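In what comes next, chain A is part of two complexes: it sits with chain B in the first one and with chain C in the second one.
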Partner chain A sequence: MRVEKFANRQLLYILIIMRVTVAIANLPLLTSADALQDAWASAILLLVAGLFVVTVIAGLGIRFPRLTVVEIAQKLLGKGAGTLLSLLILWSFLHLASIDVRLYSEMIIVGFLPETPISFITASVVVVATTAALAGMEVIGRVADIIFPLFLAMLLVSIGSLFFEAEFLNLQPVLARGIIPVLGGSIVSIAMTAQLLVVGILIPKLTEPKRALRSAFWAILASSLLILGVTVMTVGILGPDEGARTTFPFFKALRNIQLSEFLERIEILAIFAWGLGLFVGLSTFIYCGAQGTAQAFRISDYRHVLLPMGATWAVITIHNFDNVFEIRSFLTPEYMGLYGISLILIPYGLLWLAYLVRRLLGQNPASEEGGGR
Partner chain B sequence: MGLFGKLKKLFKGKKENPIFKNGADISELRQLTEKETLSRKLVDNIALVREYHGNSFGLQIREFKMGPKNVPGAAIFIEGLVSSDILDEVIHALLIESGKFADLPTSGKEMLPFARDKVIPAREVAEIADLNELFDKMLLGDTILLFDGTDKALAIDTKGWKTRAISESDAEVAIRGPREAFIESIHDNLALIRRRIRVPQLWVEDFRIGNLTRTHVALVYIKGLAGEGILEEARSRLDKIDTDKILESGDLEAFIEDAPFSVFPTLLRTERPDRVVAGLLEGQVALVTNGSPFVLLFPATFFNMLHAPDDYFEKPIAGTFLRVLRYLAIILSTFLPGMYVAIINFHPEIFPTTLFLRIAATREGVPFPVVVELMVMESVFEVLREAGVRLPASIGPAISIVGALVLGDAAISAGIVSPPVVIVVALTAIASFATPNFALGIAGRLLRFGFVFLGAIFGLFGIQFGILLLIIHVCALRSFGVPYLNPSAPLIWKDMVRDHLLRTWTWGATERPKLVGFREPQRGSSKMKDEHFQIFSRDKKQENTGDKAGSRDKKQENAGDKNQAASRDKKEEVSEGKNGENPREKGSQTKYKKSSRGKKEEGSENES
Partner chain C sequence: MNRKVLAVFLTLCLFSPALSGCWDRQEPEQLALVLGLGFDVDEKSGEYKIIAQIANPLGMGGEGPEAGGGGTQEAVWVVAASGETPLMASRNLVIKSSRQINYTHTAVILFSKDLARRGLETVVDFLDRERQFRLVAHPMVVEGDIRKALEADFALEEVGAVGVVRHHLHASQERAVTRDMILRNIYNTFTQPGWEAAVPRLHLMTDEEGKMIGEAPVEVTGLAVFRGDKMVGWLDEKETRGLNWVLGEINRVVYVLQSPLEGGKPTTVEVFQAASRMRAEVKGDRVTVTLEIQADGRLQETLTSREWLDSESEYTRSLDRRLAQAIRNDVTAALDKAQQELNSDVFGFGNLLYRTKPQEWRRLSARWDEIYPEIRVNIMVDANVRRTGIIKDPMIIR
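So, the complex of A and B:
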């Protein structure tokens, strides 16, 4: 089989798209807790936390530039424990992907195609994303290359056109209620940085694995700024209270735009570009899930795992939540905080611990089999 | 019967030939031909040719006796494949001019080399020994010269058949640019290419493909510019072909293309020599097939197919405008009908209210859903188009009258289709004619129907799924190792700006496309750019060059530039080597780049 490689630039695009799509869909910064008009501060907090998370994930990855996180875990913790731990990470891919798909399907159904059964839309989404994953990471990277400019243009045009309509007085009073609501508002979004776990799988596929941390860093920076922009504009248009109550606040805000006398209701085009971006994230998730599973169970080709995984994914998407409000109640600090801790902190905490202990004991686990520097 | 009957008897007496049983099939016959060798007797040889060619009509055997000793000989050729002028000259030389030689040999064995070296005035004479070779040459237009007493024969190049005159291309029209187009003869086509690249590094490799058609196929490339990996791949794909016929480059394309199940063409076909030369100069490789005016160029990318020659010959700003227009046209022609159905069915709110009311009013009383309406009209248009291609030119106008008046006008006034649908179909049709590459145009036409279905089922989201599947598919395609969407995915920003989104000035395009022309990235010196890119007038610079000290300074500056260029190359090499987009090429490419860098550094040292 040919060795697949994709460029660091493509990783950057994929991460930006992945982070931004989920963040702007239901804007958990605003809707998950009562940060209200201070949601922008939560966005800044998210940036800081994101940088920390990415350092934890990619920092370990670049010490083993030829190994995925699954292999690193097996190496540091031993076969059994390592596989168990990596299953936790792999589960997150499937679960996050199913949340994404469900949000997307719900949005289509609520907003545009109310009579279409959700399983139909979900199945279509799954089929498209699985097709991309089947074609391999190289192709997903190229798809990201094409979609990223469209996605970015859509986002910038949206933010730009909202800017002229926004009522920035809505942002007042600034931080009047202290830091606690701000913290609460950012928890869900921070937990969603579990998306960055894909970096752990993707690093060995990069053309320059050692520069992965850098790419991921820039991705977090750019995506957080975009999220910040979206949050401020949404609050500016809808006001804090209405914004926090709405399911898809950003798209609701977009409905208010009127580019000219005869161009109204262009939010469908924004959703169009947003949807294109979503698929990049989805196919990356499913690819990483399949790749990781194949490695955990020593299956020669990830493609064997892909189809059953796609089917499972569709089932989870439909049966995990009854409706969009269940997703909303899942995306609250109480659940997602735990979620984030168990998906990011526990596995990576253990891995780092094992790594540092080995280093202290005088071994260099990375140097074996030429994986290190 | 006469002589022939006698010969046949003679022949038969010698050995039993399975041909006479009439039982041998074509492959057996071919094998038998390969086994036969020429004998020392002239009569046997003539009989052999007659037997194997079935004494076909047009097979001419001119027997003669040569020299004072009457050495028997024969010239065998096929009427119509040989030029009678050359043949006359050859026979004249053999029979009349040869009398002037005092040392004319007395046996056939000596006569053969003598005739080859001293008598025959043809351009090319080859010595052959077996029947297969004899037929190979003869059926290509050579005249075979046999002498009694030798088991060798001479193949004299007397080729000359009627070819079409070189005329303008019908399929690829350009307002500005050379008018010549390829024709069916491989030699003329190669000449058209050679006339435009006058360096010995334009190499042509000859292949014979097709067990029965034995078609000449020429692999044309610039040695040292085309990637060796690409060439090797091309050679191995050509060698693997096992078929009885190559009638057109389309037959060949089917054997060597990367994605046979895709609607997208991965080889660029063109009728224009200037197009081929432009490709060769960028590092592409051309395949010229005998009998086909279409030359295949590869590795070809999606954007290659959207470029028209005019882009490069017009002024760059106009060229860019036309190019962007064309991109929009192909997007329109693929997605417009699907979008229309999706919006009318699912998202009418996108339309301004007045426009939507207008459309709704025209749809009043139309008996079909909009999908059916559109599909019917699209199909009608496709049928009209196909009929238009097949029609003789004299009844061509009739179809446009029937199409436009009867179908368009009458269908609307009868209330069967609504006018907006006709507008959409017409717009799509016009836009689809703007696609410069016919094969890509067909892909767009096919995909259009798919998008209409998706739009009818899912609305804009269906179109979104379709677009995604399309992007995934196109991103996964490769043409001889080069990604199909080359400069846009994987993104190579420089190429994208220079020759794809925009069309820069020729002096500004100093580098070849990265993934195709990587062996010699520099087209011309980058000085050109500095010289031409001047916002202010040029007078100042000329003053400077008059001044000696100034000119020396400038020289040093230039040397500095060159060093910079060299170091830039170094960087690129690193990034590309690791990029891994083209693993096949890696070895040769790094090797070459090293040497080119070495050259550059040398140059700059000399100058400073």
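So, the complex of A and C:
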């Protein structure tokens, strides 16, 4: 069978799209805690944390450029423990994807199609993403190539048009309440960087796996800049309090500006960007989930797992949360914060520990077969 | 081959439910588009009343027989309903309409004086939560009967709501007798600490019996001043100008000054560029606000025949001083009314403190009601009359 490869550039695009989509969706920097007008500082904190997380994930990955994180875990910790540990990572793909889909469906039925059953919207999104994953990572990479310029253009036009109406006095007082609210505001977003776990699966598929860390770094930098823009403009338009009370702040900010007597209703750009970005992000998630599962259980082709996973995913999306109140209490520092951060730190902490212990014992796990060239 | 056919067939089956359209299909010809919306409250029962101005496609499309499409019907249809809550009232409106009522194009939101005095909280929550409303609509408090305001005929406009919006824009841009404000701004002022809302007033031109007087049915002048979500009083044109100077929201404004020469003949100066800045100082419990205003005016009319207008002339400098005094008078009028009479911080002095000196605000905010009327405002106006239109000197009639 031909080996699938996709470019580092495409990884960069995918990661940017994935992370910015969260900000377009519900902007946890602003809505998850009481950072209010200091949410921009939370965005900077998020950048720092994102760089750390990506170093942890991709840093281990580039030491084993031909192995996915599942295989690395099996190698470092042994078959049983390694598989068990990688299940945690694989679960996170499914769960994060289901949260993403749920938020998108909620927005569609709250904002546009109130009578459409949520299962219908969820199912459409899942079917589309699963179909893309069926075609393979190379195809998803190419799709990202096409979607990224569109996504970026629509996002920049949205941010730009908010700029002209934004009231920047809303950002004052600057950091008046100390660092605690800033920290609180950033936690959920930092937890969302668990999305970067896909890098662990994708590295061996890259054309230049050794340069993966570099691509991921740039992705974090660019996406954080865009998130910062979204945050500042949203607060500028809606004001800190109204912004924090809103379900989908960026969308609401765009809805409520009027550039001239004729030019309004530009929120459609953000919705398109969100939908397109979601498609790229979700197909990557489901692909990584299936690929990882196939490797963990030694199934010859990931496509065999894909359809059952898609079905499970749709069900989780709908049954995960009963109502918006549950979504709201889940996306708080106490729940999502702890959950997401432990999704990253537990598996990668153990893997790094095992790796370093092996190195100290004088072995070089990376140099064994399957390791570096 | 057979498998391929089957696959295509199954895919097509997948799309078949979409053929009948989705659950939320809406046809434009089944919608009644609301253009202007009024909220009122019944004093006795406390029921909310909603009055909608709905576009009537049968009446649109030009006047007179040769205009073609337009029939004999009115361009808009005004309809009202009541209910326990604003939403209930809007749903009671449904019963009266043959088409589905749609609020996405609402351009004007009117609040009655009674409702504003009772508090806007309920209505404002409804407007914020309902997905169809867009916060770019123009909010106004009506002095007079809302229904009459929505039924009013504008000489140059087919649709009343559009007329009101344009009225509002011109009045705020060219005369500064009202504020350029959209619904979104209300939410921000309601929720920001130390800042009270001032919402444009829609003045219905009627006599005591409710009959229309005057050439235009409405005027958009003055502001309704709030404390919290409750209205406490009005600002008139002069005070509104003053408020606009403080907030730095002046676009263009006209002053008739007395000429320093020839027994004070009138001289008209129009301000074209304006800016203002505030900063606050706190000593103990005393707050002082320094307000710096900059205004660039143009001499638009003068009848004084004797003066040579050049840079040496005392006359031009005297005009500067007179313009500065006129501006100062406006600001003082606004300050007196809002500080002493209404005790409502429409200028956002508290907010200024909150933004620039958060520690002091934390200390003073609990007693702000007592501190606010005592605030001293230093008004520093730098006014310059820089241009004289397309002629230099007034003509001398011999």
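Everything that follows uses one rule, which is that the second predicted complex is superposed on the first by the 368 of 373 C-alpha atoms of A that agree within 3 Å, B and C clash if a C-alpha of one lies under 4 Å from a C-alpha of the other, contacts with A are read in each partner's own complex, and residues count from 1 in each chain.
Here, a residue touches a chain if its C-beta (ideal position, glycine included) is under 8 Å from a C-beta of that chain, and two chains touch if they have at least 3 such contacts.
No experiment lies behind these values; they were computed from the predicted model shown.
Chemist: Counting only touches as set out at the top, which of chain B and chain C does A:276 meet: first, second, both, neither?
Modeler: After superposing on A, A:276 lies in contact with chain B but is clear of chain C.
Chemist: Of the two partners chain B and chain C, indicate the one touching more residues belonging to chain A.
Modeler: Ranking chain B and chain C by residues of chain A touched puts B first.
Chemist: Which holds for A:257: it touches chain B only (first), chain C only (second), both, or neither?
Modeler: second
Chemist: Have a look at where A:173 lands relative to chain B and chain C in the superposition and call it first, second, both or neither.
Modeler: Only chain C; A:173 stays clear of chain B.
Chemist: Does chain B (first) or chain C (second) touch A:361, or do both, or does neither?
Modeler: Touch partners of A:361: none, neither chain B nor chain C.
Chemist: Who does A:113 touch here: chain B (first), chain C (second), both, or neither?
Modeler: both
Chemist: Going by the contact definition given at the top, which residues of chain A touch chain B in one complex and chain C in the other?
Modeler: 112-113, 116, 264
Chemist: Which bits of chain C are touching chain A when the two form their complex?
Modeler: On the chain C side, the touching residues are 22-24, 128, 131, 134-136, 182-184, 187-188, 191-192, 354-356, 358-359.
Chemist: Quick one: in the complex, what on chain A touches chain C?
Modeler: Touch list, chain A to chain C: 110-117, 167, 169-170, 172-173, 176-177, 237-239, 241-242, 255-258, 264.
Chemist: In the complex, go through chain B and note every residue touching chain A.
Modeler: Residues 346-347, 349-350, 352, 354-355, 458-461, 464-465, 467-469, 471-472, 475-476, 483, 485, 488-491, 578-581, 583 of chain B touch chain A in their complex.
Chemist: Write out the stretch or stretches of chain A touching chain B in their complex.
Modeler: It comes out as residues 2-3, 5, 7, 9-10, 108, 112-113, 116, 121, 124-125, 128, 131-132, 135-136, 139, 141-143, 145-147, 207-208, 261-266, 268-269, 272, 275-276, 279.
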